[in-house]
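What follows is a pair of complexes built around chain A, which joins chain B in one and chain C in the other.
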Partner chain A sequence: MADPIYQFKIKELIPLEIFETNISYTNSSLFMSLSIILVSLLLLVSIKKKSLVPSRLQSVSEIFYEFIANMVSDNIGDKGHKFFPLIFTLFTFLLFGNMLGMLPYSFTFTSHIIVTFVLAMFVFLLVTLLGIFIHGFKFFGLFVPKGVPMVMLPLMIPIEIISYLSRPISLSVRLFANMMAGHTMLKIFAGFIVPLGIFGIAPLMVDVALTALEVLIAFLQAYVFTILTCLYLNEAINLH
Partner chain B sequence: MKKKLKDFSKRLENLKNLNSKSKNKKNKDFKDFGVYLKSGVELISAIIVSLVIGIFLDNYFQSKPVFLIIFLVLGFATGIINVYRSVKKLGFEVGFKKKNDKLH
Partner chain C sequence: MPQLEIATYPSQIFWLVVSFVTLYLIMSRIIIPRISSVIKNREDEIKNNIYASEKIYKETKIINDELDKVREDTETEAREIINSLKETTNKKISQNYNVLKEKLEKKLQKNEQEILKNKKKVLKEINAISLNLSDEILKKISIKNKKKNKIKLIINKNLKEIKNDINQ
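Showing the complex of A and B:
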């Protein structure tokens, strides 16, 4: 049976080393570049011929735009429009990364925790710095919950701080774990198909169903990542 | 002609209403799904963070295992609170209900 973990192996396509640091161009980097190139191509080509009645491609990019614009205005409000490019980039990058991973022989860069952790850490640092920059010292009022008795505060403040610090971890682990678990499961079931002979139809059917589920998960995880980014930004900007 | 136009605008209005209704419902179901997906990781991540803080403080103050134990308990509490919040859709506010809160 094929090794289900082998698909996550990083291969160096163009070995490169600077100051004893390995910065090779790997298959992970290849698919990251591919994701960015595809998104840019889609957007550039689709708006080339602007028409009132959109062509298929144009409506795809319009749907993307409206989806994110609604998400931003629903979750952050008017002040959030400055962050539209960031959120749009984040969503399309993750979505195309996840979806490219669903193609045979491809590589899912979101199935490596370091990739998702760097993205989550970037969001976390941005939100924290933004909050401090906008609200100054008041931003730390976030850790003092409303409507809690004074006696409980010494217990609640550490809990709030841990809760705040756990955000980048939960954000990154959620995406990484979902992508890795799904792809491993697909591979394990696929490994049973040929050895079982005629009975291989059963794992094949499971695999077909799982593929559909994985496409849903790929979209949903990109969505969850971006909507949580929106919620965190909302908290930093509007500070309830 | 006028009658026709009136009829048309009425039909258009009806269709618009229908569309927005079904869209809203779909959106809500979708959001719910996201909430349940994220609750599992919430518990673990709080524990991981508190574990790291505990070990770090113990190394700093040379006080093995005092801080580790304190922060593990706190981390577990945090995880439970986070799951509670996300399931009750309280967002990131404190996990206490207000008196006239409709969520329950």
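Showing the complex of A and C:
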């Protein structure tokens, strides 16, 4: 039986090295490139005609646009307009990365902790710096929950700080773990199909069902990552 | 576990940053402006159409008001014309009536005068004629003069009575 972890293996496609650091073009890089090419092509082609009454194809980009625009305006408000391109990019990048990973023999770059961690860290640093830039020292009032008795504060403030600092970890692990677990499970069940012979129909059915679930999760995790980014940005901008 | 192979991290981070920045640039510079322009155009078009329909509605209202005004004006004008025509016709009728009345009265007077004249003439002549007639009758029946005078007196008396009757 094939190793279910093998699918996450990074393979060098084009060896590359700068400043004695290996930055080879790998299968992960390939699927990142594919994601951005596919999403760009899809949106560019669908918005090409710019018709007043949208065709089905044009509705695709408009639905993407309005989905993210609503998310930004609902969670951040008017001030979130500046971050719309970032949120849009984040969502489409993650969604296409996750969805491309659903194709057999493909690679899921979001199943690597380093990728999700870098993205989460980027969001975390952006939110923190933005908060300090906008509100100055007041931003740290975020760690003092409202309506809590003074006696509780010595306990609550460290908890709040820890939960704030663990945001990049929870954000990155949530996405990475979901993608990795799902793909591993698919692979494990797929590994049973051929050895079981005629009874292999059972794990096959499970795999079909799991694939449907994974498609849902692929969308859901991209959505969760994006909406949490929105919520964090909202805290930094509007400081509840 | 391939996720923990730290040797692959620099490459993944590098290509992630490259891909993400590329996608961000494509989205923010090309795709998002295009989609938002399409949506904005549609909203503008809808707004313009609503504005235009409101304008047309207002114009229709103005035209309707004008129409109503014109109708009212025409009605009052027509009423005035009818009234003035009535008045002039009434005037003419009364004028003609008066003229006719005068003419009739004149004619009546003239006729009455003529009648009166004829009456006088007749009354004047009636004496002589009746006397002549009595004479003739008396001649034929040959009555004596004495009686003649008596008869004449009776005739005159009767004549007077007749005259009085006529005059009355």
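By definition in this document, the second predicted complex is superposed on the first by the 240 of 240 C-alpha atoms of A that agree within 3 Å, B and C clash if a C-alpha of one lies under 4 Å from a C-alpha of the other, contacts with A are read in each partner's own complex, and residues count from 1 in each chain.
In the analysis below, a contact is a pair of C-beta atoms (placed from the backbone, for glycine too) under 8 Å apart; a residue touches a chain by one contact, two chains touch by 3 or more.
Keep in mind that this is a model prediction, so the values were computed, not measured.
J.: Report for A:F93: first if it touches chain B alone, second if chain C alone, otherwise both or neither.
T.: second
J.: When the two structures are overlaid on chain A, which partner does A:V194 contact: first (chain B), second (chain C), both, or neither?
T.: neither
J.: Just chain B (first), just chain C (second), both, or neither: which does A:F8 touch?
T.: second
J.: Go through the superposed model and pick first if A:Q58 touches only chain B, second if only chain C, both, or neither.
T.: Touch status of A:Q58: second partner only.
J.: For A:L213, is the partner it touches chain B (first), chain C (second), both, or none of the two (neither)?
T.: neither
J.: Determine, under the contact definition given at the top, whether A:A181 touches first (chain B), second (chain C), both, or neither.
T.: A:A181 sits against neither chain B nor chain C.
J.: Report the partner of chain A that touches more of its residues: chain B or chain C.
T.: Looking at chain B versus chain C, the one contacting more residues of chain A is C.
J.: Is A:S111 touching anything from chain B or chain C once the two structures are fitted on A? First, second, both or neither.
T.: A:S111 sits against chain C, while chain B stays out of touch.
J.: One more residue to check, A:S29. First (chain B), second (chain C), both or neither?
T.: Second partner only, chain C.
J.: If we count contacts the way the header does, which residues on chain A are in touch with chain C in the complex?
T.: 5, 8-10, 12, 16, 21-26, 28-29, 32-33, 35-36, 39-40, 43-44, 47, 50-52, 54, 58, 61-62, 64-66, 84-86, 88-89, 92-93, 109, 111-115, 118-119, 176, 180
J.: Along chain A, where are the residues that touch chain B in the complex?
T.: Checking each residue of chain A against chain B gives 145-148, 156, 158-159, 162-163, 165-167, 169-170, 173-174, 177-178, 220-221, 223-224, 227-228, 231, 235, 240.
J.: Under the stated contact criterion, what part of chain B meets chain A in this complex?
T.: 33-34, 37-38, 41-42, 44-46, 48-50, 53, 71, 74-75, 77-78, 81-82, 91-94, 96, 98
J.: Flag every residue of chain C that touches chain A in the complex, lowest number first.
T.: So the residues of chain C in touch with chain A come to 1-5, 7-17, 19-20, 22-24, 26-28, 30-32, 34-39, 41-42, 45.
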